[in-house]
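So, here's a batch of structures to check.
Okay, so subunit A shows up in both of these, paired with subunit B first and subunit C after.
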Partner chain A sequence: MSSRASLHACGLAWKHLSFHGVRSGILVLSLAISIALPLVMQSLVSRGEQATTSRASVTPLLLGAPGGSVDLVLGALWFLPEELKTLPARESDEINGSGLATALPLSMTARASGYPVVGTDVAYLDFRGLDVTDGRQFAVPGECVLGSRVAAAKGLAPGDTILTDPEGLLDIGGGYPLRLRITGVLAPSNTPDDGAVFCDLKTSWIIAGYGHVHVEVTETEDPEAIMGDNDGRPIASSAVTPYTELTPELLSTLHFHGEPEDLPVEAIILVPKDAKSRTILSGRLGLRDEVSVVYPSEVVKEVLDRVFQIGALLAGILVATGVATLGVVLLVLALSIRLRKDELDTLRRIGAPRSATITLLLAEVVMLAALACMIAFAALAASTALPADLVLRLAT
Partner chain B sequence: MSVIRTPVILSSLLITCMLAACDRSSPSTAMSTQTEPTTPKVFAINFPLQSFATQIGGDLIQVEVPKVDGFSASLYNPSPEEIITIQDANLILLNGADFSPWTGRASLPASKTVITSRSFKKEWLESSHDHGDHDHQHGPEGEGVHSHAHWAAFTWLSPMNAKRQAASVGQALGRLLSADAAVVEQRSKDLQGSFDPLIKQAERISGMTMPTLIASEPQYQYLAKACGVEVLEADWHWNEPAPHAGMDSLRALVEASGAGHILVPSEPSAERSATLKQMNLEAVVIPLLVDPRSGDSATTFVEALGRNLDTLEALGSAQPTG
Partner chain C sequence: MPESVVDINQLRFAYSGTPFELKLDHFEIRDGERVALIGPSGCGKSTLLDLIAGIREPNEGSVETAGRTMGSMSMAQRRTLRLESIGFVFQEFRLLEYLTVLDSILLPIRLAGQSVDRALRERTQTLASRAGIAHLLKRRPARLSQGERQRAAICRALIGTPSLVLADEPTGNLDPMTGNAVLDLLFDEVNKAGATLLLVTHQHEILPRFDRVVDLGEANESAGNESGVSR
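Let's turn to the complex of A and B:
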């Protein structure tokens, strides 16, 4: 059979598939789903493993209050809203003072527009290799920098502001939200840092109510701010802004209730100077009951092992489903050939050789498979747009 | 021909999709690869710390100080942009004890920041210069009334405190310059040793009978304690025209105490000298040593503190010992 005849057979096959568009479409989609599901699943698990492991492996040690190590790691590395016990900031100061490691305290209880507000040391940005591409990093309490995803989602830029979320809608006795001034936006890093708001630890303490500034309603320029007088004391009206902003003037009145070293942090990332310091530090901290020292890479390995067990089970089910789908497709094709018996007889009678008929049928199968593969790989390519740590987030 | 072209186009698309699926860039795991400057930058908040860092670090470091344009470093209040510049230093030497209150409000990297007076925090003195503006209450009934401790800041005027602060600077520089740790350690020991005669001199002064002294500035607390000298406070910031309670309050203090000397941080102007003379007060210049003496970059802090003690000792020597 000549190549020209083969091309004509392929052309006829395409015409046939086009003519029976609905049937062909269903077959292509069935095949595509069977191929795509295990591929996408494998890709997500693989990317999740890579992203999760790499973030954990560059975080040598984590210090927290005694409790669940998984919660501590997920809270401190992925800013997931875990209920973590606290430890005093003094722990961080003492580790820095020892010279054995750099301690990076984290306070993650606040949120702004639904995104986690991470109060930390300015060195955190250097530690994670986060560059401020637009603007500058925070310098005083009340300032913040946004992760790239937060800035893009909310359409915010340096010079704008973002309000922290109130702790609870029914918390009428709670403090006012804090209006944070955005000083910079971080470059995308494809890590959870893209979806967070970073500020100084003191800012987090102010949001949590451990520190405050004094706003004098009598000194506001708004004449509606005061609605009356009660024995010489002004009565503020609803015109007073329902939030606090740490302006440079108010910042000079900032003070904390208690010594800053006694105020709480949820976790402390420890970056030892060298292997010897790491051993000494983990040994010293391991002896103390009031703190818990955790190796994030080991905790993440435990979590991933569980995820992979579920993933392997799911992959098995998907493969079985795929095999069943393939069987159905083959049956449909076999039935289709039987139904096309007259058409194939006609081809034979008008002089088409047997090889042309086989080429025609094979071409149809190859085309269906090719289209299905195309859709499957397109789905695989599209899945890369999903967050790399999606599996971990879904699993937790 | 279109019948033949369609499958070819579809095949090309298939290959493109496969390539796109395979070309998945791995997530960024970049760590900071910031290149360290060849000479580490050390920010020192005042003259004593600048002097210690220079003496210990020498040409191994580049010491930076607050840019104050003629004002005292104690009045330095940097803008956020200046704070960002300070954040970039490899080591930030702060005094602590409420010196430069801005440091308590700035976002400074804790791992690179050393509060040099922390080792003797329990010995910090509460400031006698309290105008009551640190007390306040929350709520109309006074619930939550609280005050915030306000510390006397000029810790370095005591030679013992200064020695401990120098040791703290030496320790921090030893960590920063680990390759030259031996050199740094030796220089640090030498510097600490140079305080020993001053500590003995302060003890000697504390054994003398001193004339009644009035302190213009409320900053001589640590010096007075180290030398066992009782000073009466005039509450007179030397850059202001008169004491907070007015010149009459000083006159009353002189009359009540019979003091003939007033400690001042710098030479009084002719007009001020005349005012003091009218009150039979002799100005005794004891610089606060927050800043290096203008135009004198060669004098070290140890030398300057020694001069202060000499001046004070001279007052004691003039009196008959009891």
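Let's turn to the complex of A and C:
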């Protein structure tokens, strides 16, 4: 058969597939899903492993209250909403005072628009290599910087504000949400830091209700704020502002109930000065029952081993499903050929070379497979846009 | 005397496992003849067309078509002969549902690996115009009437300028008026192409239009000389 005749047989194949567009589409999608799922899964697991391992490996030591080490690592490194036990902020001061390591305290109980609010020290941003591309770092209580994903998702920029989420809508005696002033936006880092709001420890304590400011109702600009007067004492109306904002004027009234060093933090990242300091520090802290020191890289390895066991099982299921789908597709094609008996007989009677008929049928299979592969690889390419730590998030 | 386009001698053909048997001692069609093939259902009219076209092989005897002896040809060579020298018109049209009328007409040309040049495009247009389907070239069979489908099928059979046209009850699925119009077209185009026509039919009212009528039922029974009704 000449190349022109082969080309025409391919053209016939394409016309047949196009004419039966819905059937062809279903076949292509079924094949594409069968091919794409294991590939995307493999890619996500691989990227997730890389991202997870790299974040853990640059976090030398983690100090927390005794309890689950996995929860501690997931909370401190990925800000996952785990209920962590706390330890006093004093621990951080003592480690800094020892000269063995830099301590970076983390308080992660609050959220703003659903994103975790991380109370920490500005040194945390330097430790993670997080640059402020727009604006400046937070400096005083009530200020914050946004991770790039938060800023993009909420359309916020320096000069804007963001409200923390109320702890309980039905708790009328609870603290008001705090309106945080945004001073900067961090550069994208493709890490969980992109999806967090960073402020200082004092701000996170105020959000948690450990400290507050006093607002003079007589000094508010709202004329409806004062309902009446009781022997020279103003009676505040119910028209109160449903949130608190730490203005420079109010900062002078800021005070905490208790000593700041006794206030809680969920975790402390320890960055030892050198290997010797690291050994000494882990030895000392390991002897104490009231704290727990963990090596994030070891904990993450345990987690990943568990994830990959599930991943391997899932991959096996996907491959089995793929084989079954391929079987169904081949059956559909075989049935299709039987249904096309008259068409093939017409071609034979007209005098179409056998090779043309074979090319026609093979070309259809190749075209379906090629389209399915294109979709599958497009899905694989698109999956790279997903967060690298997605697998870990899903698994936990 | 014109040359033979079809020359069959001592033909014996049977489908295995069935009592059917086609016997034909001699059957000949001369170049340019228009021959009607009649006979009762099951006497082997369509089978004879298949044997002439080389789609089936006889158990005994020889079939010579367009100067080529089928028995000495490979399957591929017989396919090429059909593609280049024989035009088929079927009772049930047999247009491919996914091809437009234009693609259907050009199908034999493309299957033969020939390029569709300007001359061929013009010929297609002329053929379709004479068949009255020039305005339907972009339509698919599902949107054509029965008569339009058969007209398209006739164009497909004639596009390659075959020397022999085999038509198997081409008006069998058409009403009398449409059937006559389709026959007119077929005869006109066969005449214009100078081709030979062998047409299977059950419609005795159209027999006067043929040069010769062959009753295969009688021929088969007698298995003697070419027999049947002849004009």
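Here is the rule we go by: the second predicted complex is superposed on the first by the 387 of 396 C-alpha atoms of A that agree within 3 Å, B and C clash if a C-alpha of one lies under 4 Å from a C-alpha of the other, contacts with A are read in each partner's own complex, and residues count from 1 in each chain.
Operating definition for what follows: a residue touches a chain if its C-beta (ideal position, glycine included) is under 8 Å from a C-beta of that chain, and two chains touch if they have at least 3 such contacts.
Keep in mind that what you see is a predicted model, and the values were worked out from it rather than measured.
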Requested in this report: Evaluate whether subunit B and subunit C can sit on subunit A together after superposition, giving fit or clash.
Outcome: fit
Report summary line: Winner on subunit A touched-residue count between subunit B and subunit C: chain B
Query raised in the report: Which partner does A:15 contact after superposing on A: first (subunit B), second (subunit C), both, neither?
Result: both
Report task. Considering only touches as defined above, state whether A:5 meets subunit B (first), subunit C (second), both or neither. Result -> second
Requested in this report: For A:137, decide between first (touching subunit B), second (touching subunit C), both and neither.
Outcome: first
Query raised in the report: So, A:352: does it touch subunit B (first), subunit C (second), both, or neither?
Result: second
Report task. Give one of first, second, both or neither to describe whether A:200 is in contact with subunit B, with subunit C, with both, or with none. Result -> first
**Report entry** First, second, both or neither for A:343, with subunit B first and subunit C second
**Finding:** second
Query raised in the report: For A:152, is the partner it touches subunit B (first), subunit C (second), both, or none of the two (neither)?
Result: neither
Report summary line: When the two complexes are superposed, subunit B comes to within a least CA distance of subunit C, in Å, of 10
Report task. Starting from the residues of subunit A touching subunit B, keep only those that also touch subunit C in the other complex, and list them. Result -> 8, 11-12, 15
Report summary line: As the complex stands, subunit B meets subunit A at residues 3-4, 6-7, 10-11, 13-14, 17-18, 20-21, 24, 26-34, 80-81, 83-84, 87, 101, 104-112, 118, 134, 136, 140, 146, 148, 175
Report task. Can you check the complex and tell me which residues of subunit A touch subunit B? Result -> 7-8, 10-12, 14-15, 39, 43, 47, 50-51, 54-55, 58, 92-93, 96-97, 99, 102-105, 121-123, 126-129, 136-141, 143, 183, 188-191, 200, 202, 214, 230, 233, 251-252, 254-255, 257, 260, 363, 367, 370-371, 373-374, 377-378, 380-381, 384, 388
Query raised in the report: Which part of subunit C faces subunit A closely enough to touch in the complex?
Result: 53, 55, 75-76, 79-84, 86, 88, 90, 94, 96-99, 103, 107-108, 110-115, 140, 156
Query - Footprint of subunit C on subunit A - complex, ascending - result: 1-5, 8-9, 11-12, 15-16, 18-20, 342-343, 346-354, 356
